[in-house]
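Sharing a structure with you now.
Chain IDs A, B, C, D, E and F follow the sequence of writing; residue 1 opens each chain.
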Amino acid sequence: MKLLTAIIKPHKLDDVKSALESYGVQGLTISEASGYGRQRGHTEVYRGAEYTVDLVPKVRVEVLVDDVDIDDIVEVVVKSAQTGRIGDGKVWTQHVEDVVRVRTGEHGPDAL
Amino acid sequence: MDTGDTAWILTSASFVLLMTPGLALFYGGMVRAKSVLNMMMMSFGALGLIGVLWVLYGYSMAFGNDVGGGLLGDPAEYFGLSGLMGEGNLSGTLPGMAFVGFQAVFAILTVALISGAIADRAKFGAWMVFAGVWSTVVYFPVAHWVFAFDADGYVGGWIANRLAAIDFAGGTAVHINAGAAALALVLVLGKRKGFGREPMRPHNLPMVMLGAGLLWFGWFGFNAGSAVTSGNTAAVAWVNTLVATSAAILGWLLTERFRDGHATSLGAASGAVAGLVAITPACAAVNPIGAILIGVAAGVLCALAVGLKYKLGYDDSLDVVGVHLVGGLWGTIAVGFLATDTAPNGVSGLFYGGGVDQLWRQVVGALAVLVFSFVLTWVIGTVIQRTVGFRLDVEDEVTGIDQVEHAESGYDWGTLGGGALGGTARPTARHAAPTSTSEVSA
Amino acid sequence: MDTGDTAWILTSASFVLLMTPGLALFYGGMVRAKSVLNMMMMSFGALGLIGVLWVLYGYSMAFGNDVGGGLLGDPAEYFGLSGLMGEGNLSGTLPGMAFVGFQAVFAILTVALISGAIADRAKFGAWMVFAGVWSTVVYFPVAHWVFAFDADGYVGGWIANRLAAIDFAGGTAVHINAGAAALALVLVLGKRKGFGREPMRPHNLPMVMLGAGLLWFGWFGFNAGSAVTSGNTAAVAWVNTLVATSAAILGWLLTERFRDGHATSLGAASGAVAGLVAITPACAAVNPIGAILIGVAAGVLCALAVGLKYKLGYDDSLDVVGVHLVGGLWGTIAVGFLATDTAPNGVSGLFYGGGVDQLWRQVVGALAVLVFSFVLTWVIGTVIQRTVGFRLDVEDEVTGIDQVEHAESGYDWGTLGGGALGGTARPTARHAAPTSTSEVSA
Amino acid sequence: MDTGDTAWILTSASFVLLMTPGLALFYGGMVRAKSVLNMMMMSFGALGLIGVLWVLYGYSMAFGNDVGGGLLGDPAEYFGLSGLMGEGNLSGTLPGMAFVGFQAVFAILTVALISGAIADRAKFGAWMVFAGVWSTVVYFPVAHWVFAFDADGYVGGWIANRLAAIDFAGGTAVHINAGAAALALVLVLGKRKGFGREPMRPHNLPMVMLGAGLLWFGWFGFNAGSAVTSGNTAAVAWVNTLVATSAAILGWLLTERFRDGHATSLGAASGAVAGLVAITPACAAVNPIGAILIGVAAGVLCALAVGLKYKLGYDDSLDVVGVHLVGGLWGTIAVGFLATDTAPNGVSGLFYGGGVDQLWRQVVGALAVLVFSFVLTWVIGTVIQRTVGFRLDVEDEVTGIDQVEHAESGYDWGTLGGGALGGTARPTARHAAPTSTSEVSA
Amino acid sequence: MKLLTAIIKPHKLDDVKSALESYGVQGLTISEASGYGRQRGHTEVYRGAEYTVDLVPKVRVEVLVDDVDIDDIVEVVVKSAQTGRIGDGKVWTQHVEDVVRVRTGEHGPDAL
Amino acid sequence: MKLLTAIIKPHKLDDVKSALESYGVQGLTISEASGYGRQRGHTEVYRGAEYTVDLVPKVRVEVLVDDVDIDDIVEVVVKSAQTGRIGDGKVWTQHVEDVVRVRTGEHGPDAL
């Protein structure tokens, strides 16, 4: 099995979720993140003192998938998260040795 | 001069001043976290601008001697209020300046009320221009129509004196006026990106409830203070303001319970405001049972009315139309039915044997203000939009208006949980500390 | 009628109205984030319901002419308050309606106070039923006992007139009453899942402190307003209310400092409330030094008393018993010791040479209200639990009562930090926007 | 005794009491989340301690008969206030205790104001010692100088009577005094770790705006209440307090807009406070146009002044110097220019043909208080720092003063988003529930 | 070494922590997450407009463990996080190439 | 490619960011976390009831890097995050099969 991790723009989350759902992915895990990269942050001013906020809000999406699906699913995520502008984020894949569904104790692909 | 009356009006004026920050909280809690500051700033901007305009010429336009047909007070008469400071200068039993102050905060609040309709998407500079023009062209005249009563050697406004519609504390001048303006402005500015599709739930409901609490508190000054004396009329208005609001909370919550299955806190806060709006014109014209009826109906009506925007497709973001226009119309017209001559206003409505005489006056007054405000606001809004631009860039709207227009974030919880939420920040440039200064930690 | 007295009482009534939203914040900040709205809604529900009941028959039950032994006012006498609007209808030097309004907000607050004991676990509908029944069966009669003073051709309550216990502003009628009811209700509803084991720390302490600040502010109306005139008695009550509260903050903080090693902000807020509770019955009976003693002791006593629930195993969630019952008892009984005839009440307690005469009256009054309230509340609570059900399902309690009972979330910071916290949301079904309407972004 | 005057002063005193919690919110929202509670506790600590000291000997030191050269009132004269409760004991047209209460809340607020300068880094115990000593050694005497007016058989303070500087409501006694003390204390305590380098942006700006709203509201009591009667003087002060604040908001926002490109909500809140500070001494000496000028200049001046600390390298954390010292100086001196004899104070300044007579009095009064306060505060602060220690350990400062000094966290949003933020918590030790008690879930 | 990642129900965190502690695990890292899966979200209503909240609060637990312990520890986590109801979550394991303790610079199993 | 994950003390984030930037790392992703380990938490007291807060705020830093740079970058992170006191945190590395830049769809090292 594989783990796909995507760092995307927050307002694309809904699109990514729908695209994955259409593809047939049944579950995913989401968390908040902040990104630092080519996309610049912004400046804030408090009583005349400027603050550079150099982190940009991002969302992390993690999906466990079967080996055979991984390429398709990377494609689906990349497509649905794309705006074409700097800061769209990264998607990466890693090998997973085992997955367990906590509720049932099932292991491997059945646990997805 | 009566010290007791003065004490009550100065107190009431202070209460009403607090309503605008209260409104800022009520509105601010209802928007998303990324636009809370802009929402509050529209109220604070009104506090800044309208306070000054009122002193310069606003009071004079509203309460100066009529310069034509009950439509406008003389703008020059009290310019700068210089002449009103003398000991002997009375307004009834009050020092003249006490009445000036009391009416000032009404003007501020009315402008601020409008802002709820255009959450998340109005350029701050354009809003300030709008606030100044609107108060001058719409509010000050309407206040003259409704609040300036004829006296010896003094001619006031047409609604108060010629039409003799009853609007004790501003159902027409404040709520219908602001509600109609809100509707016009929403049509000019258009919908927010994602309206009706994307999540736009309130980001801080305890803040909404706090705002509602402060509004209710302040409203006792608004309504009972409108007696401009400290006596029976004020006391009756006070009790009616209490009980209509209570009843409206019940009305809204029951409507939700039956329709949606749940009584909500946003419903309780909204119901309270709906009840306060509706009892405003009527608080000295009805008895407590009448107040309960006005309140409970206001709760039900407004709870239903706030859904209209989805059906009709206009983005009245925080339901200024659904609550202030609908509630204001209901309260104003209800006077025509429920007024009783045992109440301080001494007029009987349809249900108390007074026939339709008062009813048609109420309807005419309400419609006149509605149409006047709607049309002029549409014109003002359109001119601003076509010239300096009123609506924010859509990209900026998505990013968040607080960041774009005010260069601030409402909240930074970061240091609690790790410091990174929303980005780290460091002071730069202009005000950076001299690097050579060592830290003292005695 | 005196305009100054009226101004002060209308002001005071407004202050006391604000105490209930203040209480909602004080309590709301102390619960976990998942139940903040329900906590606040118990107060707002009381604001809705009790306001209406007071107008309908509550005032009459409390202040109508006695219908038997000083136990109850005639419920029909002032039904709907219709007859109280006349200019000439006075209550002392006040318009009759001013007194009605002032007392209304006491009734609301007392009911709301109880809710702190049953945080996180009471069905909202059942709470509303309880609030209505309890105010009718317990509060209105007790208010009659304590607050209705005999006058020409008018017979009032037994504690005020027959027993002649001193309860200037409601130590018995409000605090002992609510505190005893809280204890009974806690026994009926049982403990929250995880009580004493799981983390239940306050989710928003600045909100608690804001609530305490608003309570203190409002309490000046509560106590000094209870003079029902604007003069020396009110002024003395005002100063005593200030200084007892100050002293109680110190008392609570010092207790914490010695016992736990840290003076906390929750302690300061709690100490303030403890002091306010304790000085309530005594504020016109003692001198400022007496007020300091009552306050500092209230701070110490209540700081110790809030630990009892862990020892005895009852889940008085926000310490209504520890603060209001204990503080109310202490303040009521302290009058028996510290009253001085140089204070407006003109009675001397044990320490000022008055012997035990006043002391036993205080004890009897306190116990009578305690027992009456405890027993009746237990019965009412049990009946509700056995019929419609009072306690929330345990699963729902774990999920969070805001979500289950009110279908809302208190906060959504999401859009700041990435948008996903707690889930994305989108408007659906009933009110979905017409899909064909295009977005305007002029 | 006048009931109307009494009503207004009791109301005003209540308003001013609310200013201290308002200040706690204003300051609390500006610090980082990890020190919000300590920031608020410095205000609540003052509420506790100074209330008690005022009753014991503070009032007597400020308003007791002069014991030498207009420098100090007799501390023993009214010790414990025991003798002031009698019906006949009047202060002008007020019950004596009403004036005592009104002045008490000034003393509390002044001490609390100082705390903004030393955010995040002062031991709480040391702060409490400082508060007690400072009020005794600095505030009570200065209040005597400025607020105690000579009367039949009574000698007051030198600034009020000998110098005859105009300070209607405390521009010198409160704002210059607190501002100068803040500067001295900042020099004693030194800078926070990371000042000028690390992010220290406000963690909760809606809370700051709420605080500003409550301050403004309360300030009507502060300024218009300082008339100690309910009449024309109070009404003029009220209107000037409104309009100067409005103008100052505009002044600050325009300064920001031109300098930084954005009008901010922190700017609006700060501008309001700057305007309130500046109009405080002048509110009964100028006309509304003068008030607008004072306000707009205060907004501009203070917006510029808050940057000084970065240039000069002192860490006046929340700009007590930039707002209160600068605003207080400006307002006090502006009286010398803008006072007009048509205003209640009846004095003409330089611009109204009064020459420099009033101007030099204002300057001398302002400087006297500034120097006195700065020097004594520096001594008091240094002694505390050298003995018990004033400054927090730097490690603890980084961890967060709330956790270290108060053993609390301001917020716990955890249960909403997953429960883990900042750590899970469970009740332990001393108050752990008896493990054998089973949970009831009826 | 291995990295175990568990997505669990928030109210089971205490149980999981205790179980791991009993087993002898000395450290772990926790963060907030939101899950999307078989377990449905809930509905909220604001002024009559319904919102479907389709993400469910979850907690992520990460534990670095020695290769020999991994099977036992998976077992421990699954057991202690189980309620038997939908939404109990997932546990997965991945290979880790190196671990460093920042304080000392130690590498490998010693760094755990 | 490799994924470096670091759990560090929040106040060291700025140092780590600067050090990585100096080394030439162009992007990274940050999120909030809570740690449980040798570093003890603290105690809070509410109305006399003590609460043990046993989790300590941490920051997670994730960096995707090319295989050749990984050892250097681990070194850079460890150095810049070190205070020498308990609780400094962990750094670990894992193999990543593929990385995609969402904006462009580039794969592999080019996507970094």
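By our rule, a contact is a pair of C-beta atoms (placed from the backbone, for glycine too) under 8 Å apart; a residue touches a chain by one contact, two chains touch by 3 or more.
Just so it is clear, the model here is predicted, and its values are computed rather than measured.
*Asks:* Find out how few touching-chain steps suffice to connect chain B with chain D.
*Replies:* 1
*Asks:* With chain A gone and every other chain left where it is, what groups do the chains form?
*Replies:* one piece
*Asks:* Determine whether chain B and chain C, two copies of the same sequence, contact each other through the same residue numbers or different ones, counting it as same when over half of the numbers at the interface appear on both sides.
*Replies:* Looking at both copies, the contact residues mostly diverge.
*Asks:* Looking only at C-beta pairs that count as contacts, which pair of chains has more of them, A-D or A-B?
*Replies:* Of the two interfaces, A-D and A-B, more C-beta pairs touch across A-B.
*Asks:* How many Å are there between the centre of chain C and the centre of chain E, using C-alpha atoms for each centre?
*Replies:* Here chain C and chain E have centroids separated by 44 Å.
*Asks:* With centres defined as the mean C-alpha position, give me the chain A-chain E separation in Å.
*Replies:* Whole-Å distance between the two chain centres: 18.
*Asks:* Express in whole angstrom the distance between the two chain centres, defined as the mean CA positions of chain A and chain C.
*Replies:* For chain A versus chain C, the centre distance works out to 50 Å.
*Asks:* What residues in chain E touch two or more of the other chains?
*Replies:* In chain E, residues 11, 14, 17, 30-34, 44-46, 48-51, 55, 57-58, 94-95 touch at least two other chains, as defined above.
*Asks:* Which parts of chain B, given as residue numbers and ranges, touch two or more other chains?
*Replies:* Expected reply: 2-5, 7-8, 11, 198-199, 201-202, 204, 210, 230, 260-262, 264, 266, 307, 310, 407-411, 413, 415-417, 420-422, 424-427, 430-431.
*Asks:* Could you please specify the touching residues of chain D with respect to chain B in the complex?
*Replies:* Against chain B, the touching part of chain D is residues 2-5, 7-8, 11, 15, 32-34, 188-206, 209-210, 212-214, 216-217, 220-221, 224, 229-232, 234-236, 238-239, 242-243, 245-247, 249-250, 253, 257, 260-266, 268-269, 271-272, 287-289, 291-292, 307, 310-311, 313, 342-344, 385, 390-391, 394, 400, 409-411, 413, 421-422.
*Asks:* Using the touch rule from the top, collect the residues of chain A that touch chain D in their complex.
*Replies:* 44-51
*Asks:* Under the stated contact criterion, what part of chain C meets chain B in this complex?
*Replies:* For this pair, the touching residues of chain C are 1-8, 10-11, 13-14, 17-18, 20-22, 24-25, 28-29, 36-37, 40-41, 44-45, 47-52, 54-56, 80-82, 85-87, 89, 94-98, 100-101, 104-105, 124-125, 204, 207, 210, 230, 405-417, 424-427, 430-434, 437, 439-442.
*Asks:* Within the complex, which stretch of chain A touches chain B?
*Replies:* Touching chain B from chain A are residues 11, 14, 32, 34, 41-46, 48-57.
*Asks:* Flag every residue of chain B that touches chain A in the complex, lowest number first.
*Replies:* 198, 398, 403, 407-409, 420-431
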